[in-house]
Amino acid sequence: MVKTGICAGTFDPFTNGHLDIVQRSLRIFEKVVIAVAIRPKKEPLFDIEKRKELIRQSTSELDNVVVEAFDGLLVDYVRQKEGVAIVRGLRAVSDFEYEMQMAMMNRRLDNVIETVFMMPSDEFSFLTSTMVKEVASLGGSVCGLVPLPVERALKEVFSP
Amino acid sequence: MVKTGICAGTFDPFTNGHLDIVQRSLRIFEKVVIAVAIRPKKEPLFDIEKRKELIRQSTSELDNVVVEAFDGLLVDYVRQKEGVAIVRGLRAVSDFEYEMQMAMMNRRLDNVIETVFMMPSDEFSFLTSTMVKEVASLGGSVCGLVPLPVERALKEVFSP
Amino acid sequence: MVKTGICAGTFDPFTNGHLDIVQRSLRIFEKVVIAVAIRPKKEPLFDIEKRKELIRQSTSELDNVVVEAFDGLLVDYVRQKEGVAIVRGLRAVSDFEYEMQMAMMNRRLDNVIETVFMMPSDEFSFLTSTMVKEVASLGGSVCGLVPLPVERALKEVFSP
Amino acid sequence: MVKTGICAGTFDPFTNGHLDIVQRSLRIFEKVVIAVAIRPKKEPLFDIEKRKELIRQSTSELDNVVVEAFDGLLVDYVRQKEGVAIVRGLRAVSDFEYEMQMAMMNRRLDNVIETVFMMPSDEFSFLTSTMVKEVASLGGSVCGLVPLPVERALKEVFSP
Amino acid sequence: MVKTGICAGTFDPFTNGHLDIVQRSLRIFEKVVIAVAIRPKKEPLFDIEKRKELIRQSTSELDNVVVEAFDGLLVDYVRQKEGVAIVRGLRAVSDFEYEMQMAMMNRRLDNVIETVFMMPSDEFSFLTSTMVKEVASLGGSVCGLVPLPVERALKEVFSP
Amino acid sequence: MVKTGICAGTFDPFTNGHLDIVQRSLRIFEKVVIAVAIRPKKEPLFDIEKRKELIRQSTSELDNVVVEAFDGLLVDYVRQKEGVAIVRGLRAVSDFEYEMQMAMMNRRLDNVIETVFMMPSDEFSFLTSTMVKEVASLGGSVCGLVPLPVERALKEVFSP
């Protein structure tokens, strides 16, 4: 059976840290599904179609990667895609605690789906989507922090 | 004098992690008051009367437990109830920092009221009210995570 | 060249913990600029003019301290003021992670501007502006936690 | 039944942080036993008799406090003394993790004995026995950090 | 190509927490190698042959698991076994920091070998080999914390 | 008065992370003293003369840097050198706690000497002297992690 890993998130927007984790996941899993949450807790900057499109453009050179939207419980979605694990990037301590809470809850909801944590490259170890948006909104450069299509999309929003 | 411990919180909703801490508190204190914050920072899912009612139903078999609403400064309330300590459950690091800030501030406001921290059972060490609500809102089962009356109340809200 | 340190923040309101860090900064830097963010993420209790005024009153006895408002990217402002470093007070772990994210991002935006972290006095090690506002709003005393002008301003807002 | 709390540790040496926790424990428990580990992991500076003597001198003005040596599993000792809880002071994050490991293990060994965590006064929030010994060994003053009998004993060892 | 994960450690002794991580790894990897460090930093309780034997007995019912000793740099060993990832169990914050240091160093030494972190079951989230040895050495029961062969071996050492 | 910062440590050996902090310190301070602890807690790999020599060779191109050995209390040494601050590199959470304990103790011993924390470049954010020695001792390359003179010295020790 093909071993599939699920990289789930809001990706608002997709950063080079996310891309880094996807690339690393491909060393572990034969197939990687990037699952984009349709309804994030906070109002997103980019709608679900735009977020999916930006991820597709940013990962177009990677084989065995699929980009999809999902709704409802993540574990239900993972089961439906026959994924063996949820993949999460680990950056920092506050992350870590929240991630463990989520992973424990997901395990409780479906105890055969694992969560595996992977570390982004050190240059992205402090990068968050929130900070990218904040910098872009203030006119700062996010070059090197996000894929080119995302950089362009941010410019269209903040300095059209 | 009867030694009274005060378990204060929003309890939106009361979970099995909260229940666990209340039961453990009864080993230390002769009387435990569950003090429900009337006006939490975020708009609660259940109003104050419903939260109190669910806690009463969930703790009906415990002796020496009182459920009350409180408003204003917690230390004022504790002094009025002649409590010797505020009891807090400790789950994780982020918790810990915030809890220490609160405990230090409360000590500053009334330096004879102590805060004692207790650990929930390991199966609840990652459980939060927020996560319970999120799972329930997506149709997931919260069986085993909350007392039966709370489970029913969540169903009424999310899948009536 | 005069070595200038920039203490940046929202200061809503300025606390004795902030004052402590400013005083300590004066041992390191020849000049300290207190840079008040005009547009904080959350709606502030005090507007920018009031926050500046309260800081000026609270630091009136300190030499080599300037209070200013700033907007936009902090690093742009620091460069314009010819500051050598951003000064940040460090209280606790959750702080620490967020502060490192900010510092890394700022370094990325301008790699000759450093961030230096300093520790407030232990009596302020758990003090936050948010907690000060919460206590004051509930009628608790914040005496000793904020400078006198801030204490008065809080009283005017919450118990006029 | 008298509610007894057990403050267990190596106390090599007893500091003002320890004393602070003992005093706070007396607000919660009717009786406090200070249980001194006979065989700590590292070779202690003071032998068991000296450590007990220094604690007795330092707590001579407190009622309802007993100082004893213990050996073997702490939970066995607590059960024998009919203690309801082990009391631990919480200083910092690294502490916190280790303390939770210990508390979980002790609960596993005897699930009716609780561990309660209390916070020392902020002026002692970074104080450790190890640091006290290090400073004293280098000729620094530990006045205010340890009770007077301990200060004298350290002087006898390091600058006789 | 068969995807192989490497669970490396000292395993002095192998606990149910380790066993749990090995079992979970088998959901992600087609083959799991348990790599036992021949020369741990601290003098081990059990020698390398005994540690290997205990792991073999404890994992005898698992398919696709190999137990081996290794020496030298872990990344050299992983490359030789054609492993795609080092698997590490994550318990707590202090862990997390050290683990990230190790993972970063290993990535630096060989940048195509990933480290993936997995979470043990919550009942083992505070379990360490060190604590197991300490409890066993004091005559406490470690039943349920280690596999049966390890339990017996500890008894032979500590209460022969 | 010349503002002097003191970078104190064991430097066994000096790494590129240390060098990075020294370079950054020169943006804040007019003069930087690298103070090498003569008697570290653990037996050092390199003796005090060798450690000093390696640091001198590694910093030979930097102006306003002095390398010295020190003994006794760090604050006494800082006072004698008329330093305004102790400079410490901050890498990770466990660090952070220990560093705050040290800084608080040093402040207690001399309350006009500040401790300032600075962040190394992200590529060194997980680098420690201990890990460098471990890798070198196992024959791994530490190229890029330590200055060239240190790399050569490690080779002489481990693969002569």
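Before moving on, here are some points about what is shown:
Read from first to last, the chains carry the letters A, B, C, D, E and F; within each, the first residue is number 1.
We take it that contacts are C-beta pairs under 8 Å (C-beta built on N, C-alpha and C of every residue); 3 or more make two chains touch, one makes a residue touch a chain.
Note that the coordinates shown come from a computational prediction; the quantities given were computed from them, not determined experimentally.
Touch-path distance (fewest steps) from chain B to chain F is 2. Any chain that touches chain A and also touches chain F is listed here: C, E. One finds 34 Å separating the Cα centroids of chain D and chain E. Centroids of chain B and chain D (each the mean of its C-alpha atoms) stand 30 Å apart.
Chain F has residues 93-94, 97, 100, 104, 122, 125-126 in contact with two or more other chains. Which chains touch which is summed up as A-B, A-C, A-E, A-F, B-C, B-D, B-E, C-D, C-F, D-E, D-F, E-F. Residue ranges on chain C touching chain A, taken from their complex, read 72-73, 75-76, 93-94, 97-98, 100-102, 104-105, 108-109. Contact residues of chain F toward chain A in the complex are 93, 122-123, 125-126.
Looking at the complex, you find that chain B touches chain A at residues 92-95, 125-128, 131, 135, 138-141, 144-145.
Residues of chain A that touch chain E in their complex: 3, 24, 27-30, 84-85, 90, 93, 96-97, 100, 103-104, 107, 112, 114-119, 122.
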